[in-house]
Amino acid sequence: MNMHAQQPQRTGAETALLEAYDSRLSVLPGDGAVTVKRDNALEVLKAGLPTKRIEAWHYTDLRRLLTAVPQHDASAVADKLGALLDGSAVLPVLNGVSSANLPSVDGVRFERLEDKLRDGSFAPALEVQGTDDAIGALNAAFVADGYFVDIEADAEIAAPIELQNIQAGGQTHSRFPVRVGDRAKVTIVERQTGEGAGLSTSISHLTLGEGAEVLWIIVQDQPDDSTYLGQFNAALGKDSKLTLFFMNAGGRLVRQEVRVGTAGEGSDFQLRGINLLAGDTHTDVTMVLDHTKPHTGSRELIRNVVTGKARGVFQGRINVHQIAQKTDAKMACNTLLLSDDGEFSTKPELEIFADDVQCGHGATVKEIDHDHLFYLKARGIDEKTARGLLVKAFLAEVIEELEVEPIVEALEARLDQWFATHG
Amino acid sequence: MPAVQETIEQVRKIDVDQYKYGFETIIEMDKAPKGLSEETIRFISAKKNEPEWMLEWRLGAFRRWLTLEEPTWARVDYPKIDFQDIHYYAAPKNQSGPRSLDEVDPELLKVYEKLGIPLKEQEILAGVQKQPDGELDEANDNVYKSGRVAVDAVFDSVSVVTTFKKELAAAGVIFCSISEAIREHPDLVKKYLGSVVPTTDNFYATLNSAVFTDGSFVYVPKGVRCPMELSTYFRINEKNTGQFERTLIIAEEGAYVSYLEGCTAPQRDENQLHAAVVELIALDDAEIKYSTVQNWYPGDAQGKGGIYNFVTKRGDCRGDRSKISWTQVETGSAITWKYPSCILRGDDSRGEFYSIAVSNGYQQVDSGTKMIHLGKNTSSRIISKGIAAGFSQNTYRGQVSAHRKATNARNFTNCDSLLIGDQCGAHTVPYIEAKNSSAQFEHEATTSKISDDQKFYVMQRGIPEEEAIALIVNGFVKEVIQELPMEFAVEAQKLIGISLEGSVG
Amino acid sequence: MLEIKNLHARIAEDGTEIIRGLNLTVKAGEVAAIMGPNGSGKSTLSYVLAGRDDYEVTEGDILYNGESILEMDPAERAASGIFLAFQYPMEIPGVATMEFLKVAMNAQRKARGEEPLKIPELLKRVKEAAGSLNMDIAMLKRPLNVGFSGGEKKRAEILQMKLLEPQLCVLDETDSGLDIDALKIVADGVNALRSPDRAIVVITHYQRLLEYIVPDSVHVLYRGQVIKSGDKSLALELEANGYAGVIDEAA
């Protein structure tokens, strides 16, 4: 299906992207097989950016919303950040470029993605996942760098690994393939931030071996005039467990896609996320979860706070395939709308082809509970403080489910920071 | 619950995929030639003796329709419809408009008798008599005590008779076919037709606006509580004929009306198209309760034949404190594409949607509702129960939205799906959109199968497996069934049992 | 009335054997208590008797009035007069208790070739039985077991037992979750059903219930077998000394 064949004219952004491809292709790493993939991706882009008529983009009309397409600026400078968690091995991608100075961690092998693009070994991974995969297409066409992380079987990695993708106002496109061996355990932090009105795309691909356990934390706090398009992909091996946490706390146009497949029996996926939406941000989190094997479980809990003129979106689709009997999947999305100019749209979908399952979702949009507010005020707390406390508690509940104290503390500190500037 | 027992009896009596209403009646028909053009529309309009403005309205819709494309977003899959291969008008000969009962062709009366639909005014619908074990049934207080029902019977493209017209007229209620209303009450029709579902609304609604042939018209004046249930029975009989009915119900300030709709069609190998539009308008303090038992022919056990049911139903709570309630039991049709909706425009208005959608065989259902909150302090409630069996696909698709000015909008949604067998699919696609900080929306959905624990428990009390499942399913849908008027509740429970026949392995 | 011979049963899904050569005979008019520590197979035994298909009988037989019931499905067993009072009665949403009683009673009557009960007669029976159990008739309009307290659920089980008039009653941990007043009411209900042509099997973990329903025989179940049988004094002995002594003795 050609998704926008009927569109007569390209938008400025579409034109800018196609021009950027022409000017950048010669300096992008990789040739031969990689270039074929880039060209394929470009074909998807040529058909036009997705509009709201494309179901996966129902609430985020990318064609209309993507207006600024800056050029990549090789001379711009981005600085490495201090790690979210103490003792992390940090892998920075600064203004789209990885560092040759790779950390040394027992049981882990790091590679610069640029090298894997140059030698062509990464070409197969540049496949676009369908015509509505605009982020995949954009990234495949332009990806220049990132890191490959390979964790050997049975390794229990004590130090968190932090992937930093820091833009500097221009256009950057990075990838982070991560392979976790059988029974290995690791915590991975992904930071998406920067300075300036950049356009940044980032794709991570995580594969979990049998019995592997991963906690993956995404913290996105891009500046208020930037565009960030992210995609997290994971394939869960037999009896493996993935907990994914995300916090969106910035950016003007943000889309975070989460695509997870329970490829192994007995695997378990946990998603916890908070969206802190202020100003005139448009932030969209879209999850597609495929239960493709029997006896798998998943829980998703998303909480959103909307202030200012912010617009938020959560789309979550749980597909239970016919052989995925005994699936146990539950999803919840709760929103506090704090401003009359803000809005939030939710589309929690269940698509179920197996009968012996327990699946459900819940979604609420609410005000702050008046009884709670009254109770706090009756204890002498002023209205503003009381509201702040309740909103923070609403979000902190999600963070606290991660249970690991230093991680909870670090994330709550980010939460406090956001409230200090937007509360 | 007498119906459970009856359901089982019924199920036992029939063979797999036997459709009780599948008979065909040979009646001499007056038909338009196949095909759709401005000529067809002029033909229909002329047959109906319509005024010029109506013809223009239709032609406007038709020109618009030519620019539209068939929607593809629903989870239904069917071969492309050849809109030129359909008769757009078919009426029993010498029956171009409704008349009094004693003038109706006796063959036609037999059809309705066979369908169990009472056209004699002294009769009441089967099942209306209060059950002797009334003490056991806590359901339903909002039954008309009289037990009488006025019926508009629509056969293919025309209304053949409307009963109790005189008595209704005495109360000021107009209940007639839409064709008659266009001739007799043009001001009302002009004012309201297309005011809820405009001719530009969507592919099928626009098609309907161009070619609709009949349907019912109800007008309840200010302060009047309609003295009896009103109902329309739609019957598609003729081959290769589309049915495009149009229903318009207006409840003036403080008026109340309860309206029922039932549908059946003969068993045929070809698919037939049914594209209806229903518009409801409730003014200040008015209430409209609209119930449907949809039992079009669903196709055979291999998925051959059956009705394509593409329907646009929308209610406009135009007045303050108005209320519109949709209750539907969907068991028929090969494909259902239907989203009875409420526009909550008036302050303090309320919309309700209660639905049971049962699919079996190769049926595809994509149904749900839209609750559009525009006024202040509006509230809505959605209860949807989907049951998928056989090879069917059953989708709930619903939208709840609160606009900027919809202060204190409230919605509660509950959609539960039950799967019987592992070859079918149940899907839930809600769109929840809040643009007002005082909106409070609660949505919950579950999908599961009948639990083995429940089934074992019920069987341990001596209830055989099929009955046990029917009992549990009837419990599952109870919340919706009790919203139906009594006479439909009994019928609906039977239908659900029949629809699930053969699905229990 | 009930004769269990060398019964072996396992969980169908994973093949774990739970009942391992169990022998038990209960005569008409007898009240037999089955006691045993957690995990000894007490609840499994009740499910196997009632015909739950999560369990497979691999060896042995269950004779009821001299005939094997292994080939009968749960509804057939129930219609033949076997009643199981569940430890955890299931909630059946949307089905009023009264409706359920009516459907169940008439299904069993039908299986026995009897006419369905007329509504006034049915109502009379239900009201009488509910009254004797101190149950509010209004409760019968609520969906079966939905939102019932633990005590209400157990009473509803005994109510069903009274109305269905079974020949063989199996009570699975009916005392669990009951306060003392509810326990008395339930026990009175059971005692009222004692009759020369009815057998009652009371499965319990504690002796407490047996103070109110005095058994004719007591059987100790351990690892899927009856390891000791005796009269009501055996229950007292277990209460005083625990299961360890009996288990050691058997080993």
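When the chains are written out, they are named A, B and C in that same order, and each has its own residue count from 1.
Going forward, a residue touches a chain if its C-beta (ideal position, glycine included) is under 8 Å from a C-beta of that chain, and two chains touch if they have at least 3 such contacts.
Predicted model only: the values in this text are computed from it and were never measured.
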Study note, to complete from the structure: Per the touch definition, the chains contacting both chain A and chain B are none
Point to revise | Chain whose Cα centroid lies at the greatest distance from that of chain B | key: C
Review point. Of the chains shown, whose Cα mean is nearest the mean of all protein Cα atoms?
Key: B
Revision key, fill the gap. In whole angstrom, the CA-centroid distance of chain A from chain B equals 43
Review point. From the C-alpha centre of chain B to that of chain C, how far is it in Å?
Key: 47
Check your understanding: What is the distance in Å between the mean C-alpha positions of chain A and chain C?
Key -> 55
Point to revise | Of all residues in chain A, the ones touching two or more other chains | key: none
**Study point:** Parts of chain C lying in touch with chain B, wherever the complex brings them together
**Key:** 50-54, 73-75, 77-79, 83-84, 86, 89-96, 98-100, 102-104, 106-108, 111, 119, 122-123, 141, 143, 160, 164
Practice item. Please give the residue numbers of chain B that touch chain C in the complex, ascending. Key: 1, 4-5, 132-133, 135-136, 138, 451-454, 456-465, 467-468, 471-472, 474-479
Check your understanding: For chain B, which residues count as touching chain A in their complex?
Key -> 73, 402, 404, 417, 419-449
Revision key, fill the gap. In their shared complex, chain B is touched by residues of chain A numbered 55, 58, 322, 325, 335, 337-340, 342-367
